[in-house]
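Each of the next two complexes has chain A plus one other chain: chain B in the first, chain C in the second.
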Partner chain A sequence: MSPLGKALMGLHAWGGMIFSWLLIPVFITGSIAVFEPEVSQWMQPELTAHPTRPSDAVALAETHLNEHASDQPFWRIRLPSEREPHIGVAWGKNPRQLHEATLDAVSGEPLHERATEGGHFFTHFHADLLLGAPGRWIVGAAGIVMLAALVSGILIHHRFFAEFFTLRPHAGKRRAWLDLHNLSGVASLPFLLMITYTGCVILAETFMPAATHALYDGNPRANRAEVVKSFERKPSGVPAGMLPLTTHLAAAEAILGEGKVSSLLVRHPGDRNGLVQAYRHVDDRLAAVSDHVTFDAANGTLFGQQTEWNPMTYAYRAQVGLHTAHFGGLPLRWLYFLSGLLGALMMAAGTALLLRKRRQRAGEDRPQRLLDALGAASIPGSVLASLAYLAANRLIPAETGGRETLEIAAFFSVWAITLIHALLRRRRAWHEQFVAASAACVLLALADTYSGGLVDAARRGVDLTLLATGALLFASSRRFFRTGDAT
Partner chain B sequence: MTRKSDKTVRFDLPLRLGAAALGGYALCWSLFVLLCAWLPFSKATVWYFTGQLAPLPLLGVLLWAFAAHGAWRALLWPLALAAGLYLLVLIR
Partner chain C sequence: MMPLLVTGLLTLVAMGCLALGMERHFHAWLGRAATPRQRKDLRLAGWFLLAGAIALSIRHWGASIGPVIWLGVLTFAILGVALILAVRGR
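Let's look at the complex of A and B:
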């Protein structure tokens, strides 16, 4: 090993393991978050999926909003897309806190879907552990340690590989863990460097506000206001008829591209100063920026548009786009999903390797038992917690008040239980939790398939993924976690 | 083992952790303030430029904190560098 690699071995192994307790759940939830709309569709069987034309959807949405929200100053319409094949309407007085409803894309009838955070919970947990700004500091710190673990891993791996095979070819189980750690790490290395770096860039907006303080007196929204043009005006108080929203949609498509409008925002409908703003999809470009165009609601004249961006903003938003993977379609989403899980596997194998090394030196002392338990809770435990969230979605009746909070409570309760279980059952816990997670995957998939999951493409995809995950978890439980011979 | 080396060993890890966290944060902060003061571009351009660099000083100092010979050296170099960069801003 190079002297630098040797010096960084402690940081790599211990820093990597301690932060892996957080990073593994963050990678697992992040991988699931790639399929956020599909998971939401799975968690809301009430949602329908019918193909429709954008103009028909906008007409249905306008009818609904005229009936239910004609006196509201803000309307928002999310057009149906391939991944979210229903209409989202929202209205209210504060554009940041709108009352939302989902409509069938063909009939325009409200769908009354069950209350749930859906797939967004995984995105939310992945980004800030549901803790807001403090969570972004914590995940940001973990991301920086992850980057350091990757760089030091490259330095350690560089000569380690050759020395290892020449000097110690006999270390059976330890070598299996090391091979798995190296294999999964090397295979996913470019992805891991990219995803961790871009993730830290996104979080740095919160944890490193130096430039915000130096340039904008610490006001975090000011930089956005400088690059995203806003076209607004005060209501006049004079009522005026509005052109049909389908007319505005056609005008917007002429500028943004046919079928490229993702949502409409109406400011002050029915007022002479009303405006209709159309936003473009971000799913066909690397940079996560949404071109937008605004029309006078009453006569349809162009009020303002933004289709060009500050090049540095575009580059920054390209890093955001690289992280969130809205571009590139289904093949890229699968690549991200699998690479993210491969990253989690790399960390899990590294943790198992370090736990084994320490046990050989220190035996089953108290710290070892705690480290083992934390490892189990973060690896099979966070998988079980995620499955508990999905199971709670099916077990809590659809009408129950506050059910979205109960689903999240199920995630954290089961996660806590896996830690207690691991403390009590010691090394046997790994095997038991892997088997339990495998069984939960299969049960969830079968239960959904036999309760109508086959009719919907998104739900079928989630069910098949659950089945495959269940099989993989079972195989790993047999291969690596036989009772009494955990790590 | 002498008392002194005991002490050195005992404070080695906390000093290096402090170097990684405080040193990294201070260096990144002063580097950004310097770039904001010196770069001749629009505010938004500078903001979105520094945003993309943020992980680099933190990563560099974290690696330095554990690779440096001697824990005090690990801590003092990034802090001195951060102070130096900040002085450059003040001079201007």
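Let's look at the complex of A and C:
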């Protein structure tokens, strides 16, 4: 191998493995995040799912807000959609920190769902590990190493063109892992390059804030305000009647399209200067830009609208849209979910290859045991941690105070336990954790099915996915980890 | 779901043709060597079917979303062909 090949190999193998400890959990949680609303629905069995008309939902929401929040300067209404079939209402003094409630889409009754981060936890962990800006730097750095590992991987495994479509599960262990690594990597290469690149693009501002900081006098939000027009005015203090929100909804649908309104924001309801703003869904376009229109709350005249954007906005938001996959409906969500897991599988097989190679050279020395344990904690361990989060959701009583924090604590404690377990049980840990994860999947699916999960489409989907995952985990535990010589 | 299935099936057959257009997979699948002419025809058919699949997804999902869905489908078509060949290869 040429010196350059050796250097690339080192970068690919070691850089890839060390960052895969983080990238595998990031890919797994990112895949789950594709189904964020469905997971939230699963985690809040109190939520109901009834089809309804947008105008009926808006009328119910307005009644609720009039009763409970008539003196509040901000109201927000999230209309029911196919994926979130209930009404979200929110009110308060600061539009960024509103008090929220969920209403049944047909009766308008509050649903009193349990407190939980729901599916959003996976999105949050995927984006910044719940650490804020430092977390974004860490995930961003991992993303850049991932790009380097992908490109160096294409150069190292250049023979894969000759071996395209080749999978030899019954050949030697090394051969089998290498085939799996190459095939899953090559098959999902367009997706992996796209998702990693767009992920880095989303974080670009976080890496290099200096230019925006300098150009906008230290106020990066001013950049956004330049692009997203806001139509606001001060309250007059003069009370005035408001046209029914359903009238505003109809006017908004005339501009944005029928059934296309996703939410309404009311500024200063009951004031002469009150405004009603309607936002459009982004689920039928690649570029994640939400058109919006604003009406005078009292007489319904158009106050402002933004339905056309600067071309650069479309260009940038198309990359964000490509990453977050709100377009393309159910087929695309499944493709993203499976492709993301395929990426995790590719990294797991790469880790298995390197661990095996190092063991053959160095034996069971102390660093080897640590590398093995870290591998186990990142691969079956992060799956177990995610399942622990779902299990905690069912085990912690619905009324418990601060339960959403306890659920997240369950994720991180089980993750830490998988690392300790892997350090203690050494290579047997791989098999044991795969079996445990498989059992947890099946138990969760059965428990939910027998506690009413069958009535709700989203919960049924999550349960079936859990069952399939359980079967797959069990098969891989038998296939690859039977005798404990995982790698 | 129907357009997805059709696109998926077309892409799967296309990738199958491309795989059989390769010496080793043709031999593993049919137990004999392919003539250069057969391999060329299979590869040609594969590329044609791929073009058909992408045209179909652009027609159904539009020029911006169609190619994305097609690329996603491609991933699983490659996997599918590899799995079929692996099972046959036993």
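Throughout what follows, the second predicted complex is superposed on the first by the 465 of 487 C-alpha atoms of A that agree within 3 Å, B and C clash if a C-alpha of one lies under 4 Å from a C-alpha of the other, contacts with A are read in each partner's own complex, and residues count from 1 in each chain.
Throughout what follows, contacts are C-beta pairs under 8 Å (C-beta built on N, C-alpha and C of every residue); 3 or more make two chains touch, one makes a residue touch a chain.
Note that the structure is a prediction, hence the values are computed from the model and not measured.
Trainee: Which holds for A:Trp91: it touches chain B only (first), chain C only (second), both, or neither?
Mentor: A:Trp91: touches no partner chain.
Trainee: Just checking: does A:Tyr316 make contact with chain B only, chain C only, both, or neither of them? Give me first, second, both or neither.
Mentor: The first partner, chain B, only.
Trainee: A:Phe74 in the overlay: touching chain B, chain C, both, or neither? Say first, second, both or neither.
Mentor: Touch partners of A:Phe74: none, neither chain B nor chain C.
Trainee: Thinking of the overlay built on chain A, is A:Leu4 touched by chain B (first), by chain C (second), by both, or by neither?
Mentor: first
Trainee: Once chain A of both complexes is superposed, is A:Pro331 in touch with chain B (first), chain C (second), both, or neither?
Mentor: second
Trainee: May I ask you to decide whether A:Gly143 touches chain B, chain C, both, or neither, giving the answer as first, second, both or neither?
Mentor: In the superposition, A:Gly143 contacts chain B only.
Trainee: In the superposed arrangement, which partner chain does A:Val201 touch: chain B (first), chain C (second), both, or neither?
Mentor: A:Val201: touches chain B, not chain C.
Trainee: Mind pulling up the chain C residues that touch chain A in the complex?
Mentor: It is residues 1, 4, 15, 19, 22, 24-25, 61, 64-65, 68-69, 71-76, 78-79, 81-83, 85-86, 89-90 of chain C that touch chain A.
Trainee: Can you tell me which positions in chain A touch chain B when the two form their complex?
Mentor: Going through chain A, the ones touching chain B are 4, 7-8, 10-11, 141, 143-145, 147-148, 151-152, 197, 200-201, 204-205, 208, 210-216, 223, 226-227, 310-313, 315-316, 319.
Trainee: Note which residues of chain A are touching chain C in the complex, please.
Mentor: 164-170, 183-184, 186-188, 190-191, 194, 285-286, 318, 322, 327-328, 330-332, 335-336, 338-339, 342
Trainee: What part of chain B is in contact with chain A in the complex they form?
Mentor: On the chain B side, the touching residues are 21, 24-25, 28-30, 32-33, 35-37, 41-52, 54-55, 58-59, 62-63, 66-67.
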